[in-house]
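Per-chain numbering from 1; labels A, B and C assigned in written order.
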Amino acid sequence: MDWASLAEWTLKSFALIFALLGGFAYLTLFERKLIARFQVRIGPNRAGPFGLLQPVADGIKLIFKEELIPAQADKIIFILAPIITVVPALVIMAVVPFGPPIQLFGRTISLQIIDLNVGVLYIMAIASVSVYGIVLAGWSSNNKYATLGGIRSSAQMISYELALGLAFTGPVLLTSSLSLAEIVEAQRHIWFVLYQPVGAFIFWISTLAEVNRAPFDMPEAEQELTAGYHTEYSGMKFALFFMAEYIKMIAVSAIAVTLFFGGYRGPFVDQVPLLGPIYFLLKVVGFLFLMVWVRATLPRIRYDRLMAFGWKVLFSLALGNAMLTALGVLLADMFQNSLWLWSIPVTTIAFFLLVAYLMRGSIAGGNR
Amino acid sequence: MSEYLPLVVLFILSTLVAAIAVALGHLFGPRRPTERKLQPYESGMTPFGPGTRRMPVRFYLVAVLFILFDIEVVFFIPWAVVYRKLGLFGFVEMLLFAGILEIAFVYAWKKGALEWE
Amino acid sequence: MSEQMILTQTDLAERFPGKVRRDERKGYEGYIVEADALLQVAQTLRDEMGYDYLSSITGVDYLPDGYMESVYHFYRTTGGPALVLKVQTPRDHAVVPSLVSLYPGAEFQEREAWDLLGIRYEGHPDLRRILMWEGFAGHPLRKDWREPYYEEDAKPFKSRWPDGHVYRIEDKNPFHKNVDYPPDFDPDQWVADNDAALYASLAKIQSTLDSSLKTDTVIVNMGPQHPSTHGVFRMVVLLEGETVRALKPVMGYLHRNHEKIGERNTYIMNMPFTDRLDYLSSMSNNFGYALAVEKLMGIKPPERAEYLRVIMAEFTRISNHLFAIGSLLNDLGAYFTPMLYAIEERELILDIFEAVAGSRMMCNYFRFGGVARDLPEGVYEKMRDLAFERLPRRIDELDLYLTNNEIIRARCEGVGVLTPEQAIAFSASGPLLRASGVPYDIRRADPYSIYDRFEFDVAVRYHGDVYDRYLVRLDEIRQSIRILQQALRDLPQGPILAGKPQYQVRVPPGEAYGRVEAPKGELGFYVVSNGKPNPWRYHVRAPSFVNITALETMAKGNKVADVVAILGSIDIVLGELDR
């Protein structure tokens, strides 16, 4: 370890954290503006030009808010819970490459905090940790709504995580590596979403549940549990939960882009490395737009239905997808012809349609 | 282990940032608690009984199954990494492994372990 | 039909000689039943004569004559006019047998009559106060009950304008401002008495899980400060996990004793006051009240006024249902988008109301014997455009986007089922009743105004769940558009008010029950006149209030999330529920 590397890591960490914080702030504005447009409204436009200072105003307001800790709450856990929630959200992006390595001050600097050789496992692990913060927040508040919200979030976690984990296997099978940098590199010519349409779809749906976004926002269902697990939180502690949710939105979008949409890859990235982060950002914004769109469109699903959906539909689909991908890769290796890889989308989509046909009505209908 | 050092730096820094955020709220926020304010919120009514207690969790069977299948998923990941080296053997092997678990899955499904009521 | 009616009516007095006699007071109808025979008579009515629907229960305090009266309005769900029963009982010991065992829909209405009038319904399973709080002194609708700032029995109060200056009795408030409390009262320590009884009654219900794990049931308050109870409505729910085992609605947080104020007001003063009942559909409220008073006065509005009334009432229905669908979607967790699209159309309808009545929500448009104003220039074209072009298109659009949405169907189908038998027994009305497969629409079953001239279908669905209630509302919007198209086509020229406008109407003594098919259900006004400028009794049979009786039955066994949807599908408005 030398001081130069330490300085580099610190700087990169700060850059990542502040990029995420800034991203969070403007994502809230982005969402409010977009939803307003979906709903034939204008949206925030008072604070600064086009409402651009709205996030700043919100942040300052939250700092000066009175914070309450309910009388019978478990104080230590109550204060720790938002921190436990927000830290995983901040560190999960560590393994995601934002662009190709660049030359700076005579050093080669990779635009990535760390290129772990178990990057995919790291993501899975950190993603699971963040649910603890929510459960603890619900439990420590001594509030009935919050307790119900906390229980819901654990129920939700066991509903989608299997499918999410299996969705990772597709890109890993195609790359034979867990490193996200290598997964991006392997998509130099073709995005994995073309080989893995069903996998990408499963991944996206599971991540919606992972980040508690509509239509899977049961832990904080306003209409049912007023605010769910963060009912008792106010001021900056509330802001941290809010921050965690939005940063996780950015993070899962970035991971989806990395795994299935070529990461920072795009035309002329090899010649002009700085284009990489720009492409990456654009793709992430595209995913964020999708999430906002879904929120503006769909009502909330009930949480026992989500469990049935996660286990019966998503898990079956993800398992079939993993095995069919393995089959396609096997065929390509056996016949030494990468054209066989194109059997994967064909078979997986056929399988998807089959499952959709078999499961039709089993989630929605059949109850009257 | 030294390759993980950047992660440690990031962990420390993000914890710091989160802690500072909480501290900021404590520093600048007013604190004028009253008995009513400190009551847990229950739509404006005085709550009846404690807020945290043993709730019947209908999905505990599903939760147990989850642990089982999550381990299966964890097996998938290393298998996927070395899959191209294993070739046909790896495929058949995983087919058997997953197949046995899936029989259990179908059994649990048919037994109604995934239903709530 | 009419022959059969006469037959049955003569039957009743003959069948129970000495127990039942005709009400022969001038201007009154129906029968006076001895208290001890009420249950028997009601059973005969229900089981033999087909009067299966108990629309309204209320009481009247005849202070000068020294007795109280409990008034019942029965209907047949196959249609036809009312059969009215009355039970007279002494004021100081007012006891009447309860009808809850025969008509479960009587539950809340009897509680209301007990609360406000002090008529004790013997045999009622849960006779607690409903709008006032437990521990309230007296029964406010009794004529000898006087509020702390009592001035006079009838408006206009002479004291308000001494020397031409307005003067408010509130200035004499002994605590001066409302934030000072009496010396022995500490608001932090105060707990409403009825909560203890309420929680105790819920805690009795035992867990149904035979699990070896020891778990608790939880009593959770949803409301009054809750995002999805449509106002300050409160549901106390007994939860087992997230499954609802029992539910008690608690209301009255918005109570202002509408009826007491109404009895102080003159007849015409009550017209704008009815706007405040169901503030989303004020035109329908006006309609019901105008019908009741016109019945008493024996007048009929001119043709053009009748058409204008129907047009406004149907526009109200459309705007109300749009709002109901939008907020149901909100309750399901859709983030305001359907709501705002629905409200967009509602705004256009409110534009029309503003043009004709001067106000968007508190319309105050109807008068006894007509309407307040004729259509201003250009409004007719606007209405035509809405009814023929824009609304049909936008309703189809709403239908296209919402009806077959997988999540909406998953959340709504089979949730909160009310069977037709239950719906009738609970005196449910409006879309709630029709979604359960009972084709009962007052516009058809007991036509008022000129509804018999229009061609429209009664919207009926048969599953009785949240989804069908949504569909019925959609169907009803389409039928309302049909009525609007016919009414706009046929709208005649002519006067809009019978006689000349007057501030003080002369209402002969008697009673009248005017009911309309309001968007939320049967809205009835029971008005008793003693010939003075103020009504002696002014009772509102609010559809939201009666429909909520069925809530517990629908909610039991469902999840918390469903309860919110079920409440949304009943479509309540607190202004009318709490009155």
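A few points about this structure:
Basically, a contact is a pair of C-beta atoms (placed from the backbone, for glycine too) under 8 Å apart; a residue touches a chain by one contact, two chains touch by 3 or more.
In this text the structure is predicted, and so the values were computed from the model without any measurement.
Looking at B-C and A-C side by side, the one with more C-beta contacts is A-C. Chain-level centrality, scored on Cα centres against the all-protein Cα centre, points to C. The geometric centre of chain A is 14 Å away from that of chain B, both derived from CA atoms. Put simply, the C-alpha centre of chain A and that of chain C have 48 angstrom between them. In chain A, the residues that reach two or more other chains under the touch definition are 144-145, 148, 151, 226, 304.
The multi-chain contact residues of chain B, meaning those touching 2 or more other chains, are 35, 42-43, 47, 53, 55, 57-58.
Residue numbers of chain C whose C-beta contacts span two or more other chains: 218, 220, 226, 241-242. Contact residues on chain B toward chain C in their complex (touch as defined above): 34-36, 42-49, 53-58. Across the complex, chain A is touched by residues 2-7, 9-11, 13-15, 17-19, 21-22, 24-26, 28-33, 35, 37-43, 47, 50-53, 55, 57-59, 62-63, 66, 69-70, 73-74, 76-77, 80-85, 87-88, 90-91, 94-95, 98, 102, 105, 109, 114-116 of chain B. Of all residues in chain C, only 188, 191, 195, 199, 207, 209, 211, 213-216, 218-226, 229, 234, 240-243 touch chain B in the complex they form.
If you check the complex, the residues on chain A that touch chain B are 1, 6, 9-10, 12-14, 16-17, 21, 62-73, 79, 82-83, 86-87, 90-91, 94, 113-114, 116, 120-121, 124, 139-148, 151, 154-155, 158-159, 161-162, 165-166, 168-169, 172-173, 176-178, 226, 231-232, 235-237, 239-240, 243, 304, 307-308, 311-312, 315, 319, 322-323, 326-327, 329-330, 333-334. Put simply, chain A touches chain C in their complex at residues 35, 38-41, 144-145, 148, 151-152, 214-215, 217-218, 221-226, 295-305, 363-365, 367-368.
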